[in-house]
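Following this line, the structures themselves.
Look at the two complexes coming up: subunit A is in both, with subunit B in one and subunit C in the other.
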Partner chain A sequence: MLTQNFWSKQSTREGLSGYAFMLPTIVVLGIFLILPIIYTIILAFHRVQVLGEVSYRFNGLKNFVRMADDDRIWIALQNTAEYVAIVVPIQTILALGLALILNTNIKGKSWFRVAFFLPTVTSSAVLTLIFMWIYNTNGLLNHFLSLFGFSAYNWLGDPDVALKGIMIMNIWATAPLFMVIYLAALQDIPESLYEAAAIDGATPWEKFWCITLPFLKPVTFFVIVMGIIGTFQLFDQSYIFSGGSGGPNNATLTIVLLIYQYAFKNLQMGYALALTLVLALIIMSVTLIQRIFFKEESLD
Partner chain B sequence: MVRSTRLLTWVLYLGLALYTLITFIPFTWALSASFKSLAEISSGATNFIPQNFTLDNYNQIFTQEPLFGRWLLNSVVVAVIVTVFNLLFNSMAGYALARINFPGRQWWFFLVLAVLVIPGQITLLPKFLILKSFGWLNSYQGLIVPTVVNATFIFMMRQFFLNFPKELEEAAKLDGLNRFETFFQVVLPLAKPALAAQTIFIFMGSWNEFLLPLVVMSNPEMFTLPLGLNAFRGQYVTFWNLIMAASMVFTLPALAIYAFFNRYFIQGVTFTGGK
Partner chain C sequence: MTAACRSSRQTEATIDLTLSGWQSNPAESRLLEKVILQFEKKYPNINVKHEVINSQYMDVIRTRLIGDVAPDVFYLEAFEAPTLMKYGVLEPLNSYITPEYNLKDFEPSLLNAFKQNNQIYGIPKDFSTLALFYNQTAFNQAKIRRPPQTWDELIQVSKKLTIDHNKDRKIDQFGIGIAPELARQSFMVKAFGGALTQNNQAAFATPESLKGLQLVVNQYREGTAAQPSDVGANSNSEAFGQGRIAMAIEGAWAIPYLKETFPNLKFAIAEMPTINNRKGTMAYTVGYVMNRNSKHKQAAWKLIEYLTNEAGMKTWADQGFALPSRRSVLIDLGYDSNPLYAPLVAGSKYATIWQAGEILPTILTNFDNQFISALLGQQSLSLAMKKAQDTANREIYLSN
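And now, the complex of A and B:
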């Protein structure tokens, strides 16, 4: 592949400086990204001992076979599915609604945009603690509901509502992020389309259905996929909420939390790595589906 | 027609006001709790303005929890160093991928794109094993080194430098500057908007990161604030006044960065699509 030209002094210097600029990236991505991926793939088929010196022994497909009988995986997947089914549609519609409002020529929209963003820039640890406090038996939520005659309820301790508490918090925290993405997309819709529609006598409602929505299709797809991927990676909130247990009664157990527990509480690193591999395949296939459907023009 | 438009405007404002309220209530409630006494909090009153305004909680978290100051320091050290290195390394890589014609460039660019698809949680356990073998658990470098480059922002910087006017570099070359001098003296100072967008995301990401520190740091002295906050909560379960004060101390620096770089924030979000 190396052409003669490459050996000229100029090109050599260019090549060297290129690699010099890339060196930190190559080293860090190599050691902390490429190597871990290779590790995961290999060690998922091993029994890994982490106490003291790390050692491993090949055990074939045992880690994967074991998953079929592991009830907690199914609970975690079920929680995730429930979470996706509720959170993703609500946060997408909320984000779109807010973006549509802010896209009108309303006054003070940049102020609203900055304000709405507050939860998105706050750490998940802080948000979780604030919400736990609001949800607690003597908390703001119960006081608010008592105005309408409801009696105090232990929101945190009930397995039926614990996950919903996290859902509400995450919808609240994530919707503004997607709102900004929608806003950017709305601003890309050519004004001439609306003008043409106005000449044809289209009502605002018809404009929305026939111009705005079709235009937002790729963005919506992107927002939904990002929402799903985010859900599969849910960890911080569940961990802090349940003190690391995924409780009450596994109600807040997520896949990443399960992996964490197997690796660092049960010290079954090999099994945890096999689970990681499965999670990676799920997330990457979701991402790939998105990349295929939603051609990224920016890559060209 | 005019009347219905005006009515619609009012409905929209009402919606926005309501949502602003929903956004702010949890924060103001937490902020107000951090200035209340424990007695006032336990009484279950729902006043947002403290009856007896007190700074005791802030005082107490630093005195009663001797490690609190240390956690704050750890978080600052890690987040600042990570941010500085990211700005430098991501820009260098982005510049090389956009402008320098070196063998294998396409291949490296493809690798950066591939890395974008891989979520951090997936490399967590092997990262732990590698850091353990380096003897880097419970050390700053264990948190810093794995996060000093970021594929998303390498990609962003590449896009930025692709649109960078070539004439400036050519002029620099005529002045006898080499690649490094050109980059640091001519190119980088003109990349400020892109660097500002990066600063917010990298700093916030590092400052708020929970999972990696949880795995790398087991010694309480090396905790960053999110871990400390979690431990603190375990210890002072019902002392919500203290927990909220600690939460506020933790939120403030991130908020300051956000306020300061806010105008670059939106372009960053729309670029990265979050994360």
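And now, the complex of A and C:
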């Protein structure tokens, strides 16, 4: 009885000291992460007036019902989905390709690594401004295209190409980050496997297909998940491109930009928060689907 | 006795005031600083902190108003005023205004932009209308003797002014620049008797409004007009300065910009051509408003008064970025007889103020989005405007 009591006491003490050590983190995460999430969920079911006299009025599912009727959400979702569907595969493949090239013993390897990585460490606002110069009707890109006899595009003003302009820029800027991750993973693959495969007479292509790719699977999962989350949250580039309007003709309107407009331009906090929840749900479900997909493959 | 006590205490404690605004030009800011220094000399116990917010001004101000850290006095554009007046975050100024302040001197339409239920919430600091800027060199080369008087003439002249100098099938100079924004096009909505709003709802898809807007769309489709991005410029004034467009519809702010950035440009300004035999243009005004939660309202009013009384306005309004809102100052500084500014001053008689209640921001987003697709020929103007109006009205309905 006594010993048992003592034992349990020690465990509580251990537990307590454990929590005491974690306290700073728990407080910081609680205040800046958990609390806002709870607050978001609660306020998403309210009509919130923040300017002047602050007032909250419970309005049930009205914020969510409203979404079905909101054309701009569908446009934003469509834009975002198109953006994700094009950017994620291309940037992943590009990152893998670059990593494979830089993993071989080419001359000036470290120079290339730095050069490729530079766009990633540059601020995205600066990159966007540089690209806006490149995309200018009299800019570098149109000049380059005209050398091959293409006509000039109004990259910034034409709804058909504005989003593609942002895609190109983002692929160029994020692929190197994932390249570095791939590069690190490539160096973890034991050299002996390749040697054994070479003895068995495997071609380089077979080596890549049967050794490199399977080994990179966990990294690929990570790269795709991070890529999808990042692209779903596209905001700053389209914000700067369109001056915050999502134009021309809603072509660069993304979900996060729409949330920003509702929250800070129209001051409809409740609705904006409801949209935030929906975006979180979308990202979560996409990630879950991928998890299932990747797990099944690894069982084979 | 008590009054003396109070006044002596006031001189001891210094009051810190914040004045927020944007800056269109460093020279303008320097002048304002000068007036503020004079103010601080006159009222030694008031210390003014002048803060410049240049990007996303209204987002910053709104967020600060919500967080209760807004400046005591700040600039406010007329078209944003109805929302702030409705939510009661601005201090009504009626009780502060004395007869010596001479409120009657202000252009009434400008003052009305900051009025709601007979309460004055802001003092207009300056304004500008739109007028037709034209490149004299281009006009001489095309042998056009005078600026177009009617919109039909403008379309004819634009055709003559659209030139491909080096015959590479890329047009080097367009007739006129178009800003496909409601802020610049709403006088076209009104030209044939249309209206932006009716009963607090968007109502710009009527046949009358379409008639005016169709003129703009047709001209763009014909290729004698260009948007700034078509010619690789950021704004119509830049495109005009670079000679890529021969005419532009701009306001007073463009004059110092053009003179400074393009000193060799020879340009003149005319009143807006008549449409449907009627004169029409837009007027934009900015006012000083006081935060209702300001802790030093008396001092804040003293600042507003100092900046907008005749002497104060005269000091900083002679730079020509905008026209002073006091008639006496306008005349004293000779704007009405200056050939560049006279057309802009004349426009103030028939201009409509850029304002349409608190639903304007919603209307604006939807109009801009659909109008550009009509301009690019992706859909007919009537369909685009119908869509914009319906979406705007649904948003207005759902947000209430």
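Just so it is clear, the second predicted complex is superposed on the first by the 256 of 300 C-alpha atoms of A that agree within 3 Å, B and C clash if a C-alpha of one lies under 4 Å from a C-alpha of the other, contacts with A are read in each partner's own complex, and residues count from 1 in each chain.
In this text, a residue touches a chain if its C-beta (ideal position, glycine included) is under 8 Å from a C-beta of that chain, and two chains touch if they have at least 3 such contacts.
In this text the structure is predicted, and so the values were computed from the model without any measurement.
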(message) Between subunit B and subunit C, whom does A:G157 touch in the aligned arrangement: first, second, both, or neither?
(response) second
(message) Going by the contact rule set out at the top, does A:N103 touch subunit B (first), subunit C (second), both, or neither?
(response) neither
(request) Would you check which partner chain A:N250 touches, where first means subunit B only, second means subunit C only, and both and neither mean what they say? (result) second
(request) Give the label of whichever partner, subunit B or subunit C, reaches more residues of subunit A. (result) B
(request) Go through the superposed model and pick first if A:N138 touches only subunit B, second if only subunit C, both, or neither. (result) both
(request) Determine, under the contact definition given at the top, whether A:G52 touches first (subunit B), second (subunit C), both, or neither. (result) second
(message) So in the superposed three-chain picture, is A:Q268 touching just subunit B, just subunit C, both, or none of them (first/second/both/neither)?
(response) second
(message) Going by the contact rule set out at the top, does A:D69 touch subunit B (first), subunit C (second), both, or neither?
(response) second
(request) Find the residues of subunit A that appear in the contact set with subunit B and again in the contact set with subunit C. (result) 50, 136, 138, 264
(request) Please name which positions on subunit B make contact with subunit A in the complex. (result) 9, 12-13, 15-16, 19-20, 22-27, 29-30, 33, 42, 44, 46, 85, 88-90, 92-93, 95-97, 100-103, 105, 108, 111-113, 115, 117-119, 121-130, 132-133, 145-146, 148-149, 151, 154, 159, 178-180, 183, 204, 207-208, 210-211, 214-215, 225-226, 229-230, 233-234, 240, 243-244, 247, 250-251, 254-255, 258, 262, 265-266, 269-270, 273-274
(request) Spell out the part of subunit A that touches subunit B in their complex, as residue ranges. (result) 1-2, 6, 11, 13-22, 24-26, 28-29, 31-33, 35-37, 39-40, 43, 50, 54, 97-98, 101-102, 104, 106, 112-119, 121-127, 129-131, 133-134, 136, 138, 140, 143-144, 172, 176-178, 180-181, 184, 222, 226, 229-230, 233, 235-236, 239-240, 243, 256, 259-260, 263-264, 269, 272-273, 276, 279-280, 283-284, 287-288, 291, 298-299
(request) Note which residues of subunit C are touching subunit A in the complex, please. (result) 56, 58-59, 62-63, 65-66, 83-84, 87-89, 170, 227, 229-232, 361-362, 365, 368-370, 372-373, 376, 378, 391, 394-395, 398-399
(message) Considering only the defined contacts, which subunit A positions touch subunit C in the complex?
(response) 49-53, 66, 69-72, 136-139, 152, 154, 156-159, 244-250, 261, 264-268, 271
